[in-house]
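There are two complexes below, and they share chain A, which is joined by chain B in the first and by chain C in the second.
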Partner chain A sequence: MELATPQAQSPSGPVAPPPTPRGPAKGAVEGSATWRLSDRIGLAICWALGLLFCAIAAGIVAYLFIQGIKFLRPSMLVTPATSGFTEAQSGGFSDAFLGTLIVGAMGISIALPVGVGVAVWLVEYGRPAALARITESTIEAIAGIPSIVLALFGTVIFSSTALAFLSRTSEGVVFGRSFFAASAMLSLVALPLIVASTREGLNAIPQHVREASYGVGKTKIATTRRILLPTARPQVATGAVLGLGRIIGDTAIVLVLLGATQNLEPTGGPFPIDYLRGAGTTLTNFVYETSPTGNLNQPQKAYAAAFVLLLMVLGLNAAADVIHRRARKAGTWSH
Partner chain B sequence: MESLTTPPPIRRLPLEGPEPATQVVAPPRDPGNGNGAASPAPGGFTAARRSIGAPQFSIRRMEIDDVHVSYAEREAVKGVSLPVRQGEVLALIGPSGCGKTTLLRSLNRLTELTRTATMRGRILLDDVDIRQIEPTALRRRVTMVFQQPNPFPMSVFDNIAYVLREQGSRRQRKRALEPKVHSALERAGLFEEVKDNLNHPALRLSGGQQQRLCIARALAAEPEVLLLDEPCSALDPQSTQVIEDLIVKLRDDVAVVIVTHNLQQAYRIADHVAFMYLGALVEYNSATSLFGSPREPRTQEYVSGAFG
Partner chain C sequence: MQGEHLEEYGPKWSDQRAERLLGALVCTVVALLLALIVTVIVRAWPSFAHNGLAWFGAGGSVEDQLNQVYLSGLGDAAHYVYTFHAWPLIWSTMLIVGGAVAIAVFCALFTSVFIVEFAPEWMRNVLQPVVRFLASVPSVIYGLLGVLVVVPFIGNHLVTESQKSSVAGVISLSGYSLLAAVLILTVMIAPLMVSIFSDGLRSVRPGWLEGSLALGVNRWRTTWKIGVRTARPAMVAGTVLAVARAIGEAVMLAMVSGSIAFAPNPADGLIFVYEPSRPLAPTIVKNVEALGSPPANSTLFAIAAVLLFSAALVSLTGWVARRAMRKYGATA
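Moving on to the complex of A and B:
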């Protein structure tokens, strides 16, 4: 957290020897002491808000770390939840942990190809222009829709008989809740991030680089595959990582579309399909249910699970950061 | 979503003021110093020419016949006719917005990437109308080097190999492509400098090396015509000199068309020069005549720096 103050100005490059000082000493460095009072108050508020923000973030992380380390036992990650009245009796949250991995993997494997495809179409083709504009605003709209609304919409879609094969059916009623249903809707949460990030990457490539590829007889599709997408890979990866963070952090969709359970509940079908068609849970859902508001009310478990979730999200953000920094180190063109 | 189409060029009226990018008048030097190649020109074009005398031979490769190019309603090129010959360097000069880059881009149908662009007239490549040739095939025969060095973000080797790999064919082995990659780099005078780091990223090369890599890339397709769009404008004088020497060397194997803002450069390397103004071809002549004794008053004014 570095707030730029006027004192922080450092001359870049070689500097001519300072002329004989005129007026107040200390050369050319401007201090806020000469500012108007209102500006100085404004600067002070900026400082204070920055520090406050840091303090809040640090507080949350520190508190969860302390609580997490206190309550988290490694066995919790391999023990499924069982019904029990006390924290000691109720097992761990291995199913929730697995569920988070499953929705993350499934959600991103839907959102990534779709998102990259949409972004490539928008940036490289984008015709007819009206359709491109509509697509753009649709993506923005999806980004703005609260996930609980997406979840509600998901129940309508996945309870239809046409999609009965994606979840459990009992007595002719389609349950409509499964990993398929939840992942499909969760992919929409990640989609806008991936589209935006990929577009940013593609737009950063100067036009003359594309033309250089066409200029040696390459088609648009070959140029996109061999030049543009590899160049935009860091941004695509950043988008995917941030999107993944959003997916595993989402609660509402899981709550509505994955079933009210703390275990994986496979339904009929061959091995992986039976689990994916069945109901399940994720860490966010587990934290919600075990928090004092939830049905289970076992706050120690909630802290332990929240700690695991936090570590995952922090890890993803760090990964996005590393990708970003590495991409900046590689050379680029002048526009 | 206009990013794939070329934005319509921003054009300034050339008479609005002098163009800072255009180098107009060289400091007058002793006229006898010009290597004896040219009669001293009024604009002070006494620098040594790199291509001395008439070319040894010349083969007509392209024929530009009454070409008009318009962007939407605006006509950027108005009825230009020119021959493009192998064995000589043809330079297109003129103030900004005179249509020289548009003309260059229409030679391999790159103008078609601009949706609003339309072309009338005929351009023949070895007596075949280029509109009869599939664009990707045409662009392998008429390749282009751009103003900004733009190697692809991959290794030096892969930059050339990318061009050699034919569309849709199976990816060839690296070993099989090696001789061709080496020869392309050699023709661009880059091989000695990069032979030990062919696997290094091309974007780590210096600007001049990057531009020569782009020339190597353009040569790798074994084109008949090489188009250069102000290839030295982003480079330092030393790299510029290396590339100018290279261009003169290349003219025996490939017809070279260069757009340049730099009159000195046109004088140094071109055998024939076409001066364009407001979309029209004003004068086409050998470099010595065009700079030494221009026929048209417009040309006279331009080469002597009266406007830019």
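Moving on to the complex of A and C:
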């Protein structure tokens, strides 16, 4: 091997150890100096596009940071929005901020147990096989459904009289717009991510771990709860964090199913329930409405809210990274 | 053992029960998807039934038709109007999605090759988080930046005054355009493709690449002739996912596409990229208030049905393509 490779290499240049395609040691890689012009142009395109992506990302972050710091006042996070014609009159977006937190918490608390349950069934049980295949395609299909279609479907479900207790009813007509409705549909947005990530985690656990557990007399479900899920926790957490990012970033479902009001509008009921049954708004909805194409057209507010939203997304990305790195360091079976 | 186990988890967590419980959960999720498909089709049916294939055709102004449909719904059921010809919306969807996907496939292919094979370690460490970040930015932020940065730039610097006056009687070229929509959509879907493409490239068997390298083929050629070819199923999978995302993108496109049901004509020359339009999904977003009127409700569900059907068709095409590739031993 060591004898043959230098001959295959370019005749000029020093004798190099055999090139490996990935993760090579320093200096072991064949340079592009001996390539034909067309190949070198291709590599230049690679570099250009890579740098372009970096530039776009840096541009988005830098621009929103500048605009955000210019227009964001801490008071905006605690002042509710009021109707006003100028930016100074229209208050802040505390309701939108709160709405994002509510929707995120509710959406993920529906999506996480369902997603983990589906993934556990798929990996550990999965009988009959036909149902397993159907479930796999179902999850794939849910991932491919445009969120605006989910939103329209939500209007049908939550406007039915059977689910009237989840939203406002006036004159016998069920409004069907509430935090319950929006969160339920938003959980479907996060579901495929959680299922995929949990499955990956469970599949990465070697079979002998399960067999050892069965061997000491544990049942399947006890093994799953006590050994498999704790081992796969980093992947479950990663899926949940990514799903949460999708939930708080989604606009179409919120626009249709949350009533697109400016403030939280509690309807009858005991304390937390009245808010959850009511219409409301989130940061994404607020940005949409205050952008020049929205109904309010107050770009400064839009920049401030978009900045807060971006910070949340960046925070979630960082959290996913930390989870990933810790799991790797801890040296569980999975990567 | 058995007794200790029962004590620990109680009879509630017996194995059979857990399996049945999880099975029921899975069945619920499957049933939910079926319910969604059935609901959308049932709700959409009146609109399709009244228009027939003309639903997909051109004719008249879409805005007027939607308005008529909405107003008729406020009266009694005998006078509902369903006339709707969606061609400008469909054409706009095709142009925007087609344009964005074509550019994104090219960019994503080179970028993923770069990430997997050619980027130095530091560049890889920068580029991977960057791609993940771009994929996770909410679409409304892309829309906002589009409206406040890209659109004014196109309107003020790219479109000339003579171009504006040449179409003054028909539409105004203010920067809300196909070009803005395609560019931003490209940035939104390319990262998705990059992550799936690079997974595919990474899973190519090292032996195949090493075989080619041992024959004296340089790294660039090896990557393209062996790596990229072997990873073609992943390319198809990534493209399918990106197309589905692009078809369903509603909010960003509602903001930057111009929101006018106008069909830009490529025969007019390059000016058509500056013309506004409105794809299918943003039409739903813009007409949400009309959901209360039964015929308008049906029309919007008909648009949703078309979106759903196109997404399904794209997945099916991808599945067939991947199946055809499997016989070459390619990995997905």
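Everything that follows uses one rule, which is that the second predicted complex is superposed on the first by the 302 of 335 C-alpha atoms of A that agree within 3 Å, B and C clash if a C-alpha of one lies under 4 Å from a C-alpha of the other, contacts with A are read in each partner's own complex, and residues count from 1 in each chain.
Basically, a residue touches a chain if its C-beta (ideal position, glycine included) is under 8 Å from a C-beta of that chain, and two chains touch if they have at least 3 such contacts.
No experiment lies behind these values; they were computed from the predicted model shown.
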Touched partner set for A:Phe165, first chain B, second chain C, both or neither: neither
Touched partner set for A:Leu43, first chain B, second chain C, both or neither: second
Chain B versus chain C as contact partner of A:Pro230, first or second or both or neither: first
Which superposed partner A:Phe65 touches (first chain B, second chain C, both, neither): neither
Between chain B and chain C, more extensive residue contact with chain A: C
Which superposed partner A:Tyr125 touches (first chain B, second chain C, both, neither): both
Which superposed partner A:Pro206 touches (first chain B, second chain C, both, neither): first
Chain B versus chain C as contact partner of A:Gly217, first or second or both or neither: both
A:Pro146 touches, of chain B and chain C: first, second, both or neither? second
Touching both chain B and chain C, residues of chain A: 122, 125, 216-220, 222
Residues on chain A engaged by chain B in the complex (per definition of touch): 122-127, 129, 132, 202-203, 206-220, 222, 226-227, 230-231, 330-335
List of chain C residues in touch with chain A within their complex: 1-2, 5, 8-9, 13-15, 18-19, 22-23, 25-27, 29-30, 32-33, 35-36, 39-40, 43, 107, 110-111, 113-119, 123, 126-127, 129-134, 136-141, 143-145, 147-149, 187, 190-191, 202, 206, 209-210, 213-216, 218-224, 227, 241, 244, 247-251, 254-255, 259, 281, 284-285, 288, 291, 300-301, 304, 307-308, 311-312, 315
Residues on chain A engaged by chain C in the complex (per definition of touch): 4-5, 8-9, 18-22, 29-30, 32, 34-35, 39, 42-43, 45-47, 49-50, 52-54, 56-57, 60-61, 63-64, 114, 117-118, 120-122, 125, 131, 134-135, 138-150, 152-153, 155-156, 188, 191, 216-222, 225, 242, 245-246, 248-252, 255-256, 260, 284, 287-288, 291-293, 299, 302-303, 306, 309-310, 313-314, 316-317, 321
Touch list for chain B against partner chain A, complex: 1-4, 6-7, 108, 110, 113, 135-140, 143-144, 146-150, 152-154, 162-163, 167, 201, 203-204, 214, 217-218, 220-221, 234
